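Okay, so chain A shows up in both of these, paired with chain B first and chain C after.
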Partner chain A sequence: MSSVALEDRVGKRWRKPHFITNPMLRWTLLIGGTLYLIAAFASLEVNWPRVYEGLERGWRFIVGFANPDFVSRAIDIREGMIESVIMTVTSTIVGVAISIPVALGAASNIAPLPIYLVCRFIISISRALNEIIVAILFVAIFGFGPLAGFLTLSFATIGFLAKLLAEDIEDMNKSQAEAVRSTGSSWLQWVNFGVQPQVMPRLIGLSIYRLDINFRESAVLGLVGAGGIGATLNTAFDRYEFDTVAAILLLIIITVMALEYISGIIRARVQ
Partner chain B sequence: MPTRTTSTGVKVWQLRDRNGQLIRWALWMATAIIFYVSWMKISDQTTWFFVYDAPRVAADIGGRAWPPRWEYITQLGRPIWDTLNIATLGTIFALIMAVPIAFLAARNTSPTFPLPRFVTRILKAMTGRTMTSYNVIRPFALLIIVSSRSINSLIWALLLVSIVGPGVFAGLIAISIRSIGFCAKLLYEAIEEIDENQVEAISATGASGWQVMVYGIVPQILAAFAGIAVFRWDINIRESTVLGLVGAGGIGLQLQSSLNTLAWPQVSLILFVILIAVIIGEWVSAKVRAAII
Partner chain C sequence: MLKLEKLTKVYKTGDKALSDVDLEVPKGQVIALIGPSGAGKSTLIRCINRLVDPSSGRAILDGVDITSLSARGLRRARRRMGMIFQEYALVERLSVMENVLSGRLGYVGFWRSFFRKFPQSDIDEAFRLLDRVGLLHMADKRADELSGGQRQRVGIARALIQDPALLLVDEPTASLDPKTSREIMRLIVEMCRERELAAIINIHDVSLAKMFVQRVVGLESGRIIFDGKPEELTPDVLTQIYGEEDWEATIEVVEDEDEEDEEAGGA
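Right, the complex of A and B next:
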């Protein structure tokens, strides 16, 4: 700090610098934000008597969590869980199998431009559409049941996995791949021995992570008729059987935590 | 280096030795069997007639859905406004609740309580480690984070619709509950990564606990905080578009009623509007994050 600037500051109180330094932008954001909040709250309609009425149900839900009922709907819960797990496993396997070629096509250092564009288009379509909306369309087309859920999750897996895998392939070490190519390998051999070993740890990590996500998603697909534990959950909600709801939610939380724990261990080992 | 001898007596290089190969084959086999069994289960519950019919049905739906009923857009203004409000207010509420939880969950800011000396001694005898204080609140904060994160916002919405009744309010609370865990987790990781020297410098001036917080910790996590807020807002825009399917307000409500009445031209218009909203949300969040970083 030059001595002139220092002279200016002596004897003045220090003030915290603002997070947004441009005052115009700061005030515009502040006033705009306030106006928006006022408008948003004004248009928010809350039916307070209904909320008050519902508090008793909310309390019953909390009580239900304290003593969840796994027994009286045990068969439905078991069927739903098995269906969810099946959908998760199959869709992850199929999704990963499809996303590997898509990822190779979407890596700009491997694929020619037309293939690159097609694969990037597939990825952005899959990422832009919400799983639930895809599930609704698939249920309309393929009928109710786990097949629609399986297709939805596979479709969603492609966008997620292919995008991240393609980024990893783009970041790979070129000299290793070049070394394999210089032995006179064919294209397939080049991918298998030059590219694959470099991205394998990331591929395993991402697949396990996606398995985890697919399970969470499979729990809601049942709401729109695409199979899994969600259908059981929906029925339990409709009947206000909060103890069964609590049991199902606890099962989901425990499974998700277990999967997260296992995937953490596996990812730490392969990376 | 593992090798294999061919019938002509030539040694050929192999990637793995025999055991490695066998283990890999066993894993592939197990995966294949699991997949086959699971697939049969799905197949049993599928009416294959409908699936064979699917291309025709898809073409049929596509034919009905095109062209979208553009004049219906006049009725979508309010639902879109509601969706935006659910996402924005939901994110704000979530952040208000996530900040204290994050401070309670971060190892370096979570309050610790001194243990009585005899407990320390017992623990020392049992585990061999000296623990003079124990963090009571952190496990609870982590529990809140985990339960909020493992349950999808649609399930929260389902629950809240049955508690507070259908409408925007239920969706708003569902989105906030779902976002607490996400925001608090990322925020507490940011708090744990702060530079302790700055905190110590502030406390060396004789600052109180709150002053240390405001001048030592907050400036270091403010950028991360803004980034997390915008990131979650973007996700919430996507999620709030479908909350209406369970009655929790927003454009999903129109989607549900259009689907129920098989008004496919309206469905295609709504999907188009949702796509635009998602793209705008992603664009805004990318812009803001680029400006922060």
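Right, the complex of A and C next:
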């Protein structure tokens, strides 16, 4: 039926058309890419004698793990952990609460253009600034301690959660939402009945995932003075108490694994 | 009751979906809107409750010009128009009861609906309607646990609890098997008769339409080119609407033979 005559095609080889049709361009990109990769690896200088020395230091570090010391700094570790947990929980709750309206505004199928642009701007600011940099800024403003950590993690949560939630809202089933609108619902009712049920599993899953991230981050933020278990860890490093360091790292690993396990169970249940 | 005057819709892409559609639907009349895919059937009913905003022309329901209403007025007007959808469009993660009660959103405030504290009269009516469509036992099931036919029954209950004057029905049987399709069509038509509702039913299946309605409107390229009784749908008319094809088999009168046992089973 089509304009291409059948006789021209029968008996001929058939191959899937190339993604880049121009053979010149295709080969240039392919060869250029390979050469760059080789050059890039070649430029990574490795100082082997230095690595040999370093291996010993690394070994001492690992040996520290073999006999972690939970006891001699027990009070510091306990306080650090409590501070980190409080920081994690509060910042996740605040971050999620702010993310929801931002996500609604950043979903192109819901929000009018000016609101969309503002919300997307908020998200890109939050995503562009690394947690460490934000934490340094907040420590400069509010001083050492968990308040700076709490603010940093809340701020970082907005960029992460609002972006992913907005994407889920954009992917929602239009007709379900349309049906709710056709009943004469108000905008808020429409969000509550037409949109929220569709994105709820994702919202819960992301919030728990973020809780997990925030806890891990809280360990790092302590290094720049933003409180939490990270501050305890930093002190232990400064004192070369690798056995205490090992104890703290083990605690962090166990907590993260536990959170991971719990979040898996919860996410499976809310599907 | 419903009157469309020169209703026109031009999409941003420049496609003219509707051009100068004039249509009058009296109280209690059920009409079938037929036409090929892309003829503008879906756009037409969405222009009436303004899920799609018409470009020009007017849609008047009980003396109110819907096309000129403010957001608030539009919400009030939408309460009077129940809509039934092609793929049921139930909110799948809500329960059957929540889906039915969502038909009352135009009548209750935000916090009442947020906490699902609907007035007792709404709840009673929801149970009555679920009983009428034969799904009372499913009230607390999640909507996605239901079969296609059951979902469409919930869709019908959701539209009816709005206490509408008009039903806008968009391909109600498109994804249902032939028997369920008939049951659903019969239920819609019966409900309209019981409550004296007018209805516009978009439908692909011409023979199914002929079985249940008193009036058929044919739409082609956004224009009404046929408006009459089902018996007047001759092969010539169908050729005009859909294009050349052998239409003899389609217009054969099909008896609605399973009416009695269905009434017994559906109640």
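As a working rule, the second predicted complex is superposed on the first by the 212 of 271 C-alpha atoms of A that agree within 3 Å, B and C clash if a C-alpha of one lies under 4 Å from a C-alpha of the other, contacts with A are read in each partner's own complex, and residues count from 1 in each chain.
One rule holds for everything that comes next: contacts are C-beta pairs under 8 Å (C-beta built on N, C-alpha and C of every residue); 3 or more make two chains touch, one makes a residue touch a chain.
Remember, predicted model here, so these are calculated numbers, not experimental data.
In the superposed model, A:Tyr116 makes contact with neither chain B nor chain C.
In the superposition on chain A, A:Gly194 contacts chain C only, with no contact to chain B. Touch criterion met: A:Glu217 reaches chain B, while chain C stays clear of it. In the superposition on chain A, A:Leu55 makes contact with chain B only, not with chain C. Legend: residue contacts after superposition of the two complexes on their common chain; A:Phe70 is shown touching neither chain B nor chain C.
Between chain B and chain C, the partner in contact with more residues of chain A is B. When the two structures are aligned on the shared chain, A:Tyr240 is found in touch with chain B, with no touch to chain C.
Legend: residue contacts after superposition of the two complexes on their common chain; A:Ala179 is shown touching chain C, with no touch to chain B.
Per the touch definition, chain A reaches chain B in the complex via residues 16, 19, 36-37, 40-41, 43-47, 50-51, 53-55, 57-58, 61, 82-83, 86-87, 89-90, 93, 128-130, 132-133, 136-137, 140-143, 145-147, 150, 216-217, 219-220, 223-224, 227, 230, 233-234, 237, 240, 245, 249, 252-253, 256-257. Interface of chain A with chain C (complex): residues 173, 175-176, 178-186, 188-190, 192-194, 197-198, 200-201. Contact residues on chain B toward chain A in their complex (touch as defined above): 31, 34-35, 38-39, 41-43, 45-47, 50-51, 54, 57-58, 61, 81-82, 85, 88-89, 146-147, 150-152, 154-155, 158-159, 162-165, 167-169, 172, 215, 222, 226, 238-239, 241-242, 245-246, 255, 259, 271, 274-275, 278-279. Against chain A, in their complex, chain C makes its touches with residues 49, 51, 75-79, 81-83, 85-87, 89-94, 98, 102-107, 110, 113-114, 155, 158, 162, 168.
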